[in-house]
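Attaching a single structure in structure tokens format; questions to follow.
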Amino acid sequence: MKIITKDIKFLLFKARKIGINNKTDLFITFILLVGVFATLTNFLNWIFFHANWEVVSRNLNLYIIGTYPKALSWRPFLWISIIILLSFTTLLKKLNYIKKRFIYICWLLIIPLGIYLLAGGINIIPISTNFWGGLSLTLILTFISIIIALPIGILLALGRQSNLLIIKKITSLYIDCMRSVPLIAILFFGQLLTPLLLPVGMEINRVIRAIFSFSIFVSAYISEDIRGGLQSVPQNQIEAAKVLGLNKYQINKFIVLPQALIIAIPALTNQAIGLLQNTSLMAILGLVELLGISRSILANPQFIGSHLEVYVWLALIYWLVCTIIALLAKKIERHFSKSLNFQGDL
Amino acid sequence: MSQTIIAKSLVKSFSQNKLALNDVSLEVQKGEVLVIMGPSGSGKSTLIRTFNGLERIDKGELNILGLRLNSFSNDEIIKKIRKRVGMVFQQFNLFPHLTVLSNITLAPIQVQNKDKKHAEKSAYELLVQMGIEEHAFKYPKQLSGGEQQRVAIARALALNPEIMLFDEPTSALDPERVNEVLDAIKSLAKKGMTMIIVTHEIEFAKEAADRVLFMDEGRVVEITTPEIFFTNAKNERSRRFLNQLSK
Amino acid sequence: MRKLLSSIIGLTLLISGCSSSNQIGKSRLDIIKQRNQLICGVSGKIPGFSFLNTNGKYSGLDVDICKAISAAFLESPNNIQLRPLTAAERFTSLRTGEIDLLSRNTTFNLSRDSQKGNGLSFAPVVFHDGQGLMVKINSGVKDLKDLSNKSICVGSGTTTEQNINDAFEEKSLKYTPIKYQDLNQVIAGYLQGRCAAMTSDRSQLAAARSSFKNPGNHVILDNILSKEPLAPATVGNDERLADAVRWVIYALIEAEEKGITQSNINQKLDLAKDNKGMKPLRRFLGIEGDLGEKLGLANDFVVKIIKTTGNYGEIYNRNLGPNSQVYIPRGLNQISKQGGILISPPFN
Amino acid sequence: MRFTKSYIIQYLFLLIIILFLILIINNVHFNLIRTGLGFDFAWLFRPASFSLAEHILPYSPSNSFAWALLVGWTNSLRVIFVALIFSTIIGISAGILGKSHNYILKFISRLYILIIRQTPLLLQLLFWYFVGFLSIRNPVNIIVPIINISNQGINIFGYILTPEFSSLIIGLSVFTGAYIAEIVRGGLNSVPKGQWEAYKSLGISDSIGLKDIIIPQALPAILPGLTSQYLNLAKNSTLAIAVGYADIYAVSDTVINQTGKSIEGFILLLIGFLFINLIISNIMEFFNRNILKNKA
């Protein structure tokens, strides 16, 4: 009997250690644990015994490269492999200065490399964007849109902070309008209405239109994040730069913007992840990116009704890609913010 | 001796009912070290900040190195003045995202269009002069307060200014770090730099100042040599201030 | 700064210049030949008509029609670019010239064909369909009135949506439409019991049913809610392109009538070459006369089509025949000799 | 002299934008004539002749397109309003649990945020709808017989919520909740540690301490983020089209399809959204002003 009370006391001690202090706590924890356990066992049971993973295994290529010509599939695969390799070296290695430089340059080259490998051109067969699809399309949509939206966002943020009244009004109007409209409406506009805005005979292909739509949409959000960064650069930094004789342009370029961008990294990361997730909206508007190609696969009579398998598989891919982006951004942020800590100054 | 700074009846107010500067006039000679003292809120910082246009004056006129500055002066004049007048702040205000070396070379490269190598060489010499050459490639955050302030002095000196303004350069430092900065300022004084220093350090003022200016409520109360000021201040207000400081 | 401005103004003028020198008067047929590629809008999500197989290629009846047209226009069935389109974007894409040809289960009707409507030009019907309803056998639903106040799964952005509404309104019945974007969502909604019935073209219902695990549990009701003649379409007021497309479709039907198939085309060619008397065959195959040239195509365009895709019957059997994944009996879509309603005007 | 340069830049900028707009309007005008589409709003008053599954306002296919759009708009508002409440509840609970001393609760809250924030909302909606609702074979009675969940929806006291509506609400609330949780956690972190220690040292319980001491201080940091999440929720509600709910976007899509009036339909959609935004930001502004006034 004594031993049992001792055991219970020990257990209670253990429980307290992980933060369970009273009966209500214990009760809530118990209920939640049971719920989590039940869901998990059901889910695992389904994954291993009930799900029919044929819809995934037989279409693996399609999820990654879409309708890209099979003979040339090495191109998107090569690109994605390089991205994965680069992500892991960036995440795993503790890097010295030179290697760091090298890796940043590699990251900058990823986009032109991706365009070259997917679109072809010099020395390799050109492939129309119409054949792009799957994860490779999702990634290239995200990367290019972000890289275009970032400078536009910076200009918009500076415009909104400017004391030139007309520029300030126009940029503010643009930002506020963009931010009050749902993304799908902008994408709808890009896919279905921009052709009406163009002169006769001029065509812009739909991937570029999608990139354009994403860029103009995201740039408004990016500009607000950067504006937040600009506002949190202390006034005395600007004063110190003025005293050194720097002009307005130089102050923005060398002092304010770099610091604002570093401050804005976490917010910008969220924008990038949000953008990647939102590329899935193109499935509604006819592009066969990751979700779009999956909906096409589900239309194949062989795979009718395999929704759950496909959705779980997609969730896994999206989750992995987004998590990797988040981790990469954290690494970059840590690197830059080493130098930046205003608390130390004030 | 020639005057490098002539201030005539400066008036400046931030709010309607209180004047930050109230009819301030003074002259500073070339090579002179002027220490400004006074209780907080007396207008010391405001005064020194008008000398390089960080604060615009409402009335009166300034003549800095032959350039006239009044309430109507345009940005061009202010830019010209800033290129010839260096300033060091209480909070150092180093650029946290740049290394020590880049902090110093930024203005010479961008403002004076010096080539990078030349600018870095001069910067290194300044760092040696300040005794912090081993920190050249560190970021400001990695240095102590005293070291940071010496970087800030080097950064101001890199433009070869003819006048240096110090706005309470030691107030934000740990007591044991104060002297390393003051020593650096003293060595500048020995080289004949014209300097205007706002500070509360009595010993330093006694040792380095040519003249001491005492301000209160936006007015110049007294302007005299340190010997007279610290031993035999004429004004009742100055004596009270000194008493409080020495406590 | 000034340089930048002048270049921007220049660019603006250039673009506005473009808009005045438009390409009216030039047929799209020439543009297609110039770029040596036919851009064809398809659905990409309808079994039997156009869907993505596991090789990452689109296949189906609609796709084969595109291939036949490409073979006729550009000498090869492979110079096509297939563009999966949603129902909503198909007409805009055609109108703005993003695609040359729409081959996407599109119902031929007056308002779409007319200049004041959607302003399209329709080619001959490639599949006669009718809208129907599919229900579960054990639900006991026999007729429209049994579905009163029930939910029905419908694809949005299609004529289906309007037809079902008209049919119920006519009989003053009420129903709840559950609208989805894709046919496969409609199927999923129906299979999982969200709706008592799903409505779509009967061909699609049949195709869907054949892919179910237990096709016998489902039945397609006898009610035909509408005629759904599905036809390829091109943009209006481009007669040359419309004519060329029209006669490619007729050629497929004519070839079946004449018994010309992918496997015997060479024999037929030799036969026609040897016998000067077989005038109609010689004209059809381009040995004699200038039928192809009249359309702006190669004179032997029919040969090229049949060699690559076969005649209409072959296309049908490949995609919708008994040995395909989706079996739909030919029914109306049989040539007139066999009791169907497909017929080609004479190739004279 | 000092201002002229900046004035020239500004007017040139304005001029370029105006030129650009003129160019676009010119193109649109030309294209509308070329394609025979035209630009008018007369169609708004023709009968819509399509039916809608859900409507709060009375609706039948013989009503006009304009009325159909209004019905879609109210459907949107209905979803936004309900999802807004649920997402706030979920978000605040998860945010507070994230600060809990109980490791397991903390872990569950973190896991929730980790999973939800890194997957697309559209995918989540499809999942809730096709997997969460439609695959229920046997109805589930949560509290017999008050709440009954089946693939026909949620039945509360005989009031039926359709699976489309329910999955949209769940999807939006769970997704937005994860973002709100992060904001709440950030807000709680912005309250100085001394405040937590202070109420604990006074012997005040956690629930009262949170309610009366911590949350009022965290609110100024939470409210702006909350507003932007609410606006995001409103915008995200347009994904209703993926699960077959007739919101403003879905109805606009159908209308545009039936009439071919894409530009006009798009303009009306934007105006509709502008109103939704105005409503939400005004309400939040009201809260902001009142709460901050009282607490500051």
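Just so it is clear, A, B, C and D label the chains in written order, and each chain counts residues from 1 on its own.
Just so we're on the same page, a residue touches a chain if its C-beta (ideal position, glycine included) is under 8 Å from a C-beta of that chain, and two chains touch if they have at least 3 such contacts.
Bear in mind the structure is a predicted one, so any value in this text is a computation, not a measurement.
**Student:** In terms of CA centres, which chain lies closest to the overall middle?
**Tutor:** A
**Student:** Which chain pair shares more contacting C-beta pairs: A-C, or A-B?
**Tutor:** Looking at contacts between chains, A-C has the larger number.
**Student:** Round to the nearest whole Å and give the separation of the Cα centres of subunit A and subunit C.
**Tutor:** So the centroids are 38 Å from each other.
**Student:** As a quick test, compute the distance in whole Å between the mean CA positions of subunit A and subunit B.
**Tutor:** That gives a centre separation of 48 Å.
**Student:** Suppose each chain is reduced to the average of its Cα coordinates; what separation in Å results between subunit B and subunit D?
**Tutor:** The mean C-alpha positions of subunit B and subunit D differ by 55 Å.
**Student:** With centres defined as the mean C-alpha position, give me the subunit A-subunit D separation in Å.
**Tutor:** It comes to 20 Å between the two C-alpha centres.
**Student:** What are the residue numbers in subunit D that touch two or more other chains?
**Tutor:** Residues 27, 30-31, 34-35, 130, 135, 241-242, 253, 262 of subunit D each touch two or more of the other chains.
**Student:** Would you pick out the residues of subunit C that each touch at least 2 other chains?
**Tutor:** 15-16, 19, 22, 24, 88, 92, 95-96, 181, 188
**Student:** Given the complex with subunit C, which residues does subunit A contribute to the contact?
**Tutor:** 58-59, 61-62, 65-68, 70, 128, 130, 191-193, 195-196, 198-203, 206, 284-286, 288, 292-293, 295-302, 304-305, 307
**Student:** Show me the residue ranges of subunit D that touch subunit C in the complex, using the header's touch definition.
**Tutor:** For this pair, the touching residues of subunit D are 12, 16, 19-20, 23, 26-27, 30-31, 34-36, 49-53, 61, 130, 134-135, 137, 151-152, 163-164, 241-242, 244, 246, 250, 253-254, 256-258, 260, 262.
**Student:** Name, in rising order, each residue of subunit C that touches subunit A in their complex.
**Tutor:** Subunit C residues touching subunit A: 15-16, 18-19, 22-24, 39, 44-48, 51-58, 81-86, 88-89, 92-93, 95-98, 181-184, 187-188, 191, 207-208, 210-213, 325-326.
**Student:** Can you check the complex and tell me which residues of subunit C touch subunit D?
**Tutor:** Where subunit C meets subunit D, its residues are 5, 8-9, 12, 15-16, 19, 22, 24, 87-88, 91-92, 95-96, 115-119, 151, 156-157, 161-162, 165-166, 169, 175-181, 185, 188-189, 192-194, 236.
**Student:** Taking the complex as given, what residues does subunit A use to touch subunit D?
**Tutor:** Residues in contact with subunit D: 18-21, 25, 28-29, 32-33, 36, 164-167, 170, 179-185, 188-189, 192-193, 195-200, 273, 277-278, 280-281, 283-284, 291, 307-308, 311, 314-315, 318-319, 322-323, 326.
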